[in-house]
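A, B, C, D, E and F are the chain letters, set down in written order, and residue numbers restart from 1 in every chain.
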């Protein structure tokens, strides 16, 4: 949110990559990409390329961390050293530690954690290429990985950001818009329950702009939700190539 | 307290909130008593101590000369660090920062950074080479809930209290001169945190409310009433309506709290 | 699978190999299907993805300007790092590199370094002061055995795909210019790994073979058929005859695999 | 102990801050300042500002560290990043690790550690502002925090340093004296038992000077001991505002 | 393997230190040098000075790392900061971690690990001075330390390298030869069983050169094996000064 | 040994000391046999090995060019590090330095630093920019008690044995010239450690005495008989009389030990 301004929206109201203001980037989702994980998903959203994998539920070690009445969800959001412009050290940064926490807290409300007391689920997210909005794309993929692992869930979680670019509220900021724009509002939603499970903001917005941004982001989440459901259907109903 | 007594008390707290009341007598959008003391550590360039009920946070500011980030060669550097020191709570462990202290530091940082509270361009000594680095060290001394609001308030209070040393450049070296100038502060971001309990939003949760809340929402606003940072925490969720309502209350509350700061 | 089923399967694998056969139908010196995809991460200076059966490895190359080592002031720097990321296997833990990932990185490094695959002297910008640093980051995405061969292959595939930015020196500072040149690559080292099972050598062991192997032997050879790196692993041993036989097979296999690389 | 000399004692025998040679800095002590700790104390000695807190006795984790016949005392002496001239990294320095050890060993003789087998006490000391002699002030405060936590003790531990400044032995060195002076002898004492529980020295002293310094420091400890007892009396007998 | 070439072999076929091509450096071995360890050995090979110590077999902590059917061998190869030209940080380097692994795997085949289920042996190697070929000398010493500790073994492990210097295959490279030469092949052998337990290589060798180097290194191992056995004999049979 | 045997032996040690005797026949103020060997590691700039009975410590000195501390721009830098390497004792664990090795290093450091044993001003190459850094690495090889005295003795023995390389400044760069000069040493600080057992002070405790001592006191004195460093350790206490008595004995003992050093 800190670089000098350049023109990001042209006279026709189109953005640098030709999108309309309320248009999502092109999204490609795959479920079950990894053979070792209990569940997995891969998402491309713009140039974001992100893998999510789920291991569990399984016994928790060390045992004193286990909870008698619920499962423990653990989450690691991690970026590959080559995923960004300047090589990133593989050691977890403070940003990655914070995002691991907010992503976990965005997904936890969707899981029936009381069904598996004393166990844990490990959720691993690897950003192979980053293009703005990785936390949202990670949540979208991770929720599918949880479903792929057969974890009982209240709803899928779909996630998308809106933001302010050239004084305009737009949907799903890509990298340049994120860096040059003046506000970013990532949101995650369980659409069937109308429950917001992630909300962050940085930048500067009036209350009115904020309301507009939240509403736009929620719309984005609902579109992504449709894609999530189609992906699952394609794998589990259409193709029927399951069973090991 | 035995765990049964704890659970009875927790149930009571939740039931009261459902009726719009709180165990300590506050209304749902009331803060506990707020005390702000600026300039408590003479050795630091700036400092402040905030009491929010029994929650106690100290912030010290240190200023050093260092290198700017490559992408902002004309700007000073802001670094926020938070320590949940183990004397503040039986649940805090010694060791490197955990996810809670990192989140706390980053939420405080975001409020200051996004509101452009510090005029970082005035902290440039030699473009691309030497700038002032402002270290904001948040030190939690007693944890009785709502560390974010107490820390953010102590941070801006300490920044308002900060004096920079004067200097001149002699043959490429920075020479410190006698005297001080205040740190160039433009905005006073204030964080207001809500806990969701019994499907209601309560402001400034104390520790026992935090232990039973479904989720947490922090809204930071600046002097102009704009939102500059938001953070949702905890394993629950909010409705769209609650989020918009919180934004409005946060703006009002921040205006009240801002009056406690000496500028 | 229950541990009895596992043991029965392991016995079966070993007995088949004793007869010169493998559970998945391969001959003892056959590789699984190899897929090499170069240029998969646009943001990296070079990248490749290798599938060896179900084993999947991605390598990304980043290039930065930095200081040379004092004893090679005219040469660029090669740095190989390997991450056994926890989504690749239930046995991989988050945390700093363990002995397995360090060994993997060092074996990949040795093949590239000792074969002089990169012309490091062409990566010198200013002798003794500024050189290009080539970061080779090995990222294991799915572990189904023989990580060394998959990683070494992905590394050289990514290096062949790597583009360096152009630059000029202006007043001692490196200025990046538009355009790219390929990284100067001279050799394509290929690692071929053997597992010793039932006193036989099998090439490209998959995970279940690795779990019952006595020992492991990796031979890396270059385009001229010379050996440039060897690593024995595991708690077993080899005879002199097995070692010499492995060297010959490794050379042949490497020639086949090398054809899969776009240069 | 390593900077060039300047005049630290004037012709009247007074020091930079107006103190006499055998005079302590002004001391302010508070007990029970922190609500979460089982015991706590705050000390100001000159410009030193130090908090000490005690948690315990409590069960020790991990259990194999517990001792069958005694309690384990653990101690962390730590300086706030803003407590000194140059910002201090929050990670424990080698100096802080050594001081944590000597402070623990200065306090342990005062505790009936055999009364609570298999348990531990955690003692946390935070230096908020440092002005020379922080280890001694920390011991003085920590001993009060232990008393405030109701830990059974043989005696309070009082601590004070003497040192050599301008060729003269003086009491209770402040920061400048510590840095410019030529010797520093921190001492801790259980006054009722005449037992020295801390003794360190750096600098250069003849045997005679050393004897003089030890005697002066012990006198200082006895004066501080009086203040410690008054503080406890004020809290527990005078005010009677206890009981939660 | 990366420095500019200079003449390392003279016209008479002698090397910088006067050795013939297939000649080992002078070797001095001592067994039982350390009083606290269960077994220990010290080796000087050229200017290499290396200590190896064995502790165990003993119960393994933490217990979940213990194996029900065998002993766990742990190994730490470590270099003293003053052992090399440029001071080495005492923290384990990636090279030291790799060598700890390959040394462990070179010794493990020689031990009847199934004799002591649920236990562990700790093997500590300290390089006090390094002169090329430290991993081989470490294995030679460590195998003697295991024997000195009374661990039941299939055979001793003897280790030696061969390499290519000035286009010639030579035995037991010293530091300069290692740095200036063009290939190094460290080998470890259980001579009685003709079993190679370590094999590494870096540099460039044709298949024929490789065969020659392996054969020369194996010869070296056999010579060292004779010295190992003589050392043990001298301690346990000749001198009879054992029993504590 | 079984724990009963251990306890009987410990009782015996304590009872003997109460009568002024020691289990190994020494008098209360006698050292074990001391062997000092200087110059044992050719590759180090200086080195020494000390045997104190069965306690064995090696110290190596390395010298590098580096930056001075900002507050002493004209002085070289002394850095003391101690490693309790795990082959020295079943109680030493691999890993970063713990409080015992840090205390050991700092007590050795204090003796050298406070006695001004090294003339650090002679180690300045270019004021404020380049100075010699003297690394003193204490390496404990066998632990049979009284590591402080053995380490401090090995450290000063190694420093006395240290040779610095010669250099000249060429265009701001340090060029190493052939030849060496000795490190400028002015004083030989010697540490003498007492254990308090049965309310008596015993000098040079061996391991089994350390296990039963109430407290430990180390007094370091220089060539002029001045005290330059003191460290009390352990969970017991001393009387004023014991402290003063210890100082006198330490001075006498140090004079004897100092004779063992080659200068």
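Couple of notes before you dig in:
Note that in this section a residue touches a chain if its C-beta (ideal position, glycine included) is under 8 Å from a C-beta of that chain, and two chains touch if they have at least 3 such contacts.
If you're wondering where the values come from, they're calculated on a predicted model, not measured in any experiment.
Path length between chain C and chain D in the chain contact graph, taken as the least number of steps between touching chains: 3.
Taking each chain's centre as the mean of its C-alpha atoms, chain D lies 27 Å from chain F. Rounded to a whole number, the gap between the C-alpha centres of chain E and chain F is 32 angstrom. The distance from the centre of chain A to the centre of chain E, with each centre set as the mean of the Cα atoms, comes to 52 Å.
Touching two or more other chains at once is no residue of chain D. In terms of inter-chain touching, the protein chains here make up one closed cycle, each touching precisely two others. Following neighbours round the ring, chain B first and chain D right after, the list reads B, D, F, E, C, A.
Residues of chain B that touch chain D in their complex: 41-44, 47, 54, 56, 58, 60-62, 64, 81, 83, 85-90, 94, 96, 135, 137, 139, 141-144.
Residues 1-3, 94-95, 97-98, 100-102, 105, 108-109, 185, 190, 193-207, 210-211, 214-215, 218 of chain D touch chain F in their complex.
On the chain C side of its complex with chain E, the touching residues are 71-72, 97, 99, 102-103, 105-106, 110, 113-115, 215, 217, 222, 225-240, 243-244, 247-248, 251. By the touch criterion given at the top, residues 34-37, 40, 47, 49, 51-53, 55, 76, 78, 80-87, 90-91, 122, 124-126, 128-131 of chain A touch chain C in their complex.
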